Amino acid sequence: MNDKPEHFIIDGKRLDGRNLDELRPIKIEMSPLDRADGSCYLEWGNNKIMAAVYGPRELHPRHRQNMTRSVVQYRYNMASFSVDERIRPGPSRRSVEISKVSREAFEPVVFTKFFPRTAIDVFIEVLQADAGTRTAGINAASLALADAGIPMRGLVSACAVGKVDGRIVLDLMKEEDNYGEADMPVAMIAGGRITLLQMDGRLTTEEFYEALKLAKTGCDKVYELQRQALLEKYGGEHPVDAEDVSLEGDTDEQ
Amino acid sequence: MSNDVMAEIQRDYLFNLVLKGERADGRAFDEFREMSIETNVIGAAEGSALVKLGDTQVLVGIKTQPGEPFPDTPDVGVIITNAELIPMASPEFEAGPPREGAIEIARVVDRGIRESKSIDLKKLCITEGEKVWIIFIDIHVLNNGGNIIDAASAGSIAALLTATLPAARYDLGEDSQIPMRDIPIAVTAIEFGGELLLDPSLDEEQIAGTSLTVITNTDGSISGMQKSGAEPLTVDQVIRVVDMAKTAAAEIRKKFLEV
Amino acid sequence: MNDKPEHFIIDGKRLDGRNLDELRPIKIEMSPLDRADGSCYLEWGNNKIMAAVYGPRELHPRHRQNMTRSVVQYRYNMASFSVDERIRPGPSRRSVEISKVSREAFEPVVFTKFFPRTAIDVFIEVLQADAGTRTAGINAASLALADAGIPMRGLVSACAVGKVDGRIVLDLMKEEDNYGEADMPVAMIAGGRITLLQMDGRLTTEEFYEALKLAKTGCDKVYELQRQALLEKYGGEHPVDAEDVSLEGDTDEQ
Amino acid sequence: MSNDVMAEIQRDYLFNLVLKGERADGRAFDEFREMSIETNVIGAAEGSALVKLGDTQVLVGIKTQPGEPFPDTPDVGVIITNAELIPMASPEFEAGPPREGAIEIARVVDRGIRESKSIDLKKLCITEGEKVWIIFIDIHVLNNGGNIIDAASAGSIAALLTATLPAARYDLGEDSQIPMRDIPIAVTAIEFGGELLLDPSLDEEQIAGTSLTVITNTDGSISGMQKSGAEPLTVDQVIRVVDMAKTAAAEIRKKFLEV
Amino acid sequence: MNDKPEHFIIDGKRLDGRNLDELRPIKIEMSPLDRADGSCYLEWGNNKIMAAVYGPRELHPRHRQNMTRSVVQYRYNMASFSVDERIRPGPSRRSVEISKVSREAFEPVVFTKFFPRTAIDVFIEVLQADAGTRTAGINAASLALADAGIPMRGLVSACAVGKVDGRIVLDLMKEEDNYGEADMPVAMIAGGRITLLQMDGRLTTEEFYEALKLAKTGCDKVYELQRQALLEKYGGEHPVDAEDVSLEGDTDEQ
Amino acid sequence: MSNDVMAEIQRDYLFNLVLKGERADGRAFDEFREMSIETNVIGAAEGSALVKLGDTQVLVGIKTQPGEPFPDTPDVGVIITNAELIPMASPEFEAGPPREGAIEIARVVDRGIRESKSIDLKKLCITEGEKVWIIFIDIHVLNNGGNIIDAASAGSIAALLTATLPAARYDLGEDSQIPMRDIPIAVTAIEFGGELLLDPSLDEEQIAGTSLTVITNTDGSISGMQKSGAEPLTVDQVIRVVDMAKTAAAEIRKKFLEV
């Protein structure tokens, strides 16, 4: 653990030189995995995230099947070597909660009614963790779902906003997350509807409004990067083509 | 099958009520059910509170004992929050280790207490790096009548406010209260038919797509928020819930002056 | 842990002023829980016990169903804060054994043949523990079963007897349980047939006979309290009415 | 189905025998099957005994090692008793952590030894509050021919009587015996057709509604009792079992003088 | 733990007086258990092993059934008191691996096609452990399978070879196993085909060839003892009679 | 059903190829797929390597921390190897604690490293009997394209070769490398139609009855061997695999000079 820095913002710049409303660098690699139906590798600052999607596929045990729709399952997992202090393998209370809210971030967008009795499985492996692994995971999952050809109402884009040195900033890095005053991960469907919202720390109502607005800006930026990644991979082909329209439509809405 | 039909009828009934601006139990959309809080109900615990919120009954017990601090925070106490959705409380709950629902409740309550800094954790340090007070908050849901999370949150704060640190038992000086600095209150709304309803009853909860819990403090600041459920919320809806939560929390907070 | 008292019985009175054959105060509240099919809250000395009954209801998984009768399931659980030293949540070897013998205390009285393939679930939560939680739990369970309308051959009533300072006493309190010479929990169907019997400690045969007789006295007293609680709740209505007859019949038997 | 029919026929057969005062293997109602006890069968254990009781075979191993006392009893040793109903022993037993049957056996055997004060636990204290002898009694059932509990109890006592405390290995002075003061013996009866039968065979056990185990000591006192099973017993039946158990235990106890 | 001896081989003799290619004494008792369909108790040096076989019998849960053959299940377990330092009960990573390779040592020889949908369960309990428990377990299992009347292509015989003091030796005892340079357990079908092979330690290729040859010698000796045990038990009766022919046939092959 | 038919067709296809001395991807029987090794890919780990072997991707991370030695080996460090066959990597893998497949991989890799004495464990001792370095080797399989074990073994060695002991972080002097003395390489062959094929692809692996992994060292010695699968091997086959493994391992070992 590093010691707490005295200041997080100096002359309007953050410890890593970013502006307050600037994302860390994001790198996307589509379809890195061969076995999964869809996959995406995403680097976000020092986060290294692998996402894989299997499905729609048969769901076992049978009593977990839903007769009218597909069941979305989401497993967020941190590799034991992904952080300074080794993590014991297996689910933790933290990873169970993150898996739940992340799953719920996708349930509104996946056309689950098309695939009754099946499962759509999303697996997130955090290979290296900086701050913001759950939002990075959601962004990767979004692309892996598209890569698997799962029909969706739109991409889900996510980022965290927070408060450090009394200022609302976009996309907390590790030191800001550890010592900051608030952290608020948000996921949105392109267009701005919120599918994940959590908040820790302490914010006034005004700060919260500002944070929510900044989260929208962040998610829009992420969405643009996701869109580009899909365009690069699929070009004019159908998976993006079809989606693209509906996504743009969503964006125009607001 | 017939269960599905009943659920459908129930949903339609509640939906039509909401369209008319009504709720099945006659409450206004921003109105809580009667909440009663009884503290010190369990003498064996260092603190305890039984909260009744409509039909919901949650018992919170606080146990405190000296123990080791976490290596990366050697000078502050430890809070461990656990929620048990025991099968007594609902035909839907099953025995066994906590599942995602119970884990989410425990973690949201825990963060609300922790992030509001309502406990002065530094004062729980006994010997830096060696010994601190460990505070176990155990949430025991006895009857699920809906909105467990707000009842659990209120019960945890009420139990903490009346809990002692039994220092004498461990030859660590005189007993004292847990050093509390704030009263964070969780308020939960569900979204249903475009409307926002506070303190959902079980029936309402089961038909709602999604809920938003907002934890606010005495000074009106927000110290926790959790969206739960499979439907999206708009930015406007979130802002409205925050406003409703602040007002409702102030009302609930008054009860703690009586505690 | 308190130190061991020098004497447990002074001038024929026990540490809390009771006579040797006297029960601690018992308080019964019927139907405190709304979701359960039947419930009972019981205070017995410093024991605080909540009992709930669900059923007859479908039993999962299916291979556990019995084609000819209902399966009685009993879960005795201590809340983690119910004793001085916090208990780790989840079943312990002690709670598994108590659940087993408590279940067997009810199997002879429940008309399980009426409800093939179903489960009757009894849940006991010890919210605060003094000595005698298993017998207190059985008494509460008995009333919760009646409250749920489960047809029974009679109520089950339970109490512990023990030996302290060389004397056989009724209903051990905590200090007597911790430092006493013997502890013997007993459950009986009204009429005196034994459905639970355990003994720890050391008794001569004569002491054992005396203990058994005293247990009968204790169970009779408990039964009377249970009966009153049901009468108060149901008055002349059928659940007690019907039962009352058969119970009295049983009592007359001996 | 046919299993049920076979069970029915078997039940009728045994019931009719009992009405005539007979048992399938020709024993009297209060007669044990031949019990053989072989000690020191496992050199790696500090004590061990293989008990054969009819077809039942139970192997008990004792391991002893220094360890920490429980905080509330700093000056006495620790006994930990564990029973494994391994799937080798019966088609009904399954692999996995002990279930209620195995837990009950372990706890009844444990209490019989503990409550009779047959082990002088104070003498197992090495340094008060810091180090005491921990005695693990591991009950390994190899073949279930009925009445495991009496075989397990006898095996545990036989293994304890021949076990050493390997003090030298831990630089704690000279090796010694476990300080034993009594020989508690468990005797189990089943109730069937109103009759009480000691030492049930597997067939008898399976048709009996209920059993009663009584643990008695050299001086005739009782140090443990456990009713098990879903049928009630009358007070008279309990008293008769206690009498039968004392007589049978005295007979079995003689074997331990040979051990 | 004893200290490491200075030499393991003095004047061509090992610490327990054996020659380099000599097995420890083996004692076999057939059918010691009454409930199992087949059983065998085997002492090998200080190893004491009990083996039991149940089956072919119904396999639960059903989805584990194979429509075309019997599923062989093998559970190797060490009693908690079988070694100097008490073992916590339940499967360890070591016992899971040994169970797997031991099961695979039998899958080639059992006529599983005769019994679709069933399970053949082999249970090994190590009551006292010296070195070589997995091979001792396999030898006992082989006889318990024969005792249960499970049709097999031949008996499986196993032994370990290893390297101590720079020499290849048969059947390591505990000190040799603890401090030796290599350990290689091998199982063979009579005739020499290998069904289990593991190696730990460090061997040159030449040493490995020598070890493999010595393992064959050892397995042949074990086979002879197994055969005698079956003959003694079954004499001219069919279980051995039939088998004997095919086994001999196998042996002649090479 | 149709799955079975497809499997049958696949088997026949590969069998006929093998009869002609061919493999589906055009490799010779003793030829490995392209193996790439990228080290230091995870900054949070003390050492790491991503191995791609054909379609197989395995990420190995090394974590090192001071801890207590085992009582019976007080003066040597501790290696703990764990393999996770996470459900991401294959539709056949399931979440949950490691099953026999994952355990076997971890243990074979572990023994290969341990038995070759490639790590000088004595140098991992910090204070005899009290503190030694614990080395966690965590094998994370990302994509199963067959022959996980050889990829995991290569990844483990590559990660170890580049790993540091972060002594400064724990006030234990200067950081250093893990003291490595050898480069054991696992090479796996499957037996199919009487032929032996190195580095099986997933398709080949699934139709093969059995596999043999041989771990060899720089000096040509063997430090580990594991047969896996339900078909027997002849002595001749085993000897041939050993020869093939030595040659292939020497080739792979060259890559580590580049690392």
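To keep things simple, chains are lettered A, B, C, D, E and F as they appear, and every chain counts its residues starting from 1.
By definition in this document, contacts are C-beta pairs under 8 Å (C-beta built on N, C-alpha and C of every residue); 3 or more make two chains touch, one makes a residue touch a chain.
Nothing here was measured: the structure is a model prediction, and the numbers come from that model.
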| item | value |
| --- | --- |
| Lowest number of touching-chain links that must be crossed from chain D to chain F | 2 |
| Farthest chain (mean CA position) relative to chain C | F |
| Distance from chain F to chain A - Cα centre to Cα centre, in angstrom | 33 |
| Whole-Å gap between the CA centroids of chain C and chain D | 27 |
| Chain centre separation (chain A, chain D; CA means) in Å | 59 |
| Chain-level touch network, classified as line, ring, star, complete or other | ring |
| Traversal of the chain ring from chain E via chain F | E, F, A, B, C, D |
| Chain A - residues contacting chain F, complex | 32-36, 46, 48, 50, 52, 54, 57, 75, 77, 79-84, 86, 89-90, 121, 123, 125, 127-129 |
| Chain D - residues contacting chain C, complex | 72, 98-100, 103-104, 106-107, 111, 115-117, 210, 212, 217, 220-235, 238-239, 242-243, 246 |
| Chain F-touching residues of chain E, taken from the complex the two chains share | 1, 85, 93-94, 96-97, 99-101, 104, 107-108, 182, 184, 189, 192-205, 208-209, 212, 216 |
| Complex contact set, residues of chain F against chain A | 41-45, 48, 55, 57, 59, 61-63, 65, 82, 84, 86-91, 95, 97, 136, 138, 140, 142-145 |
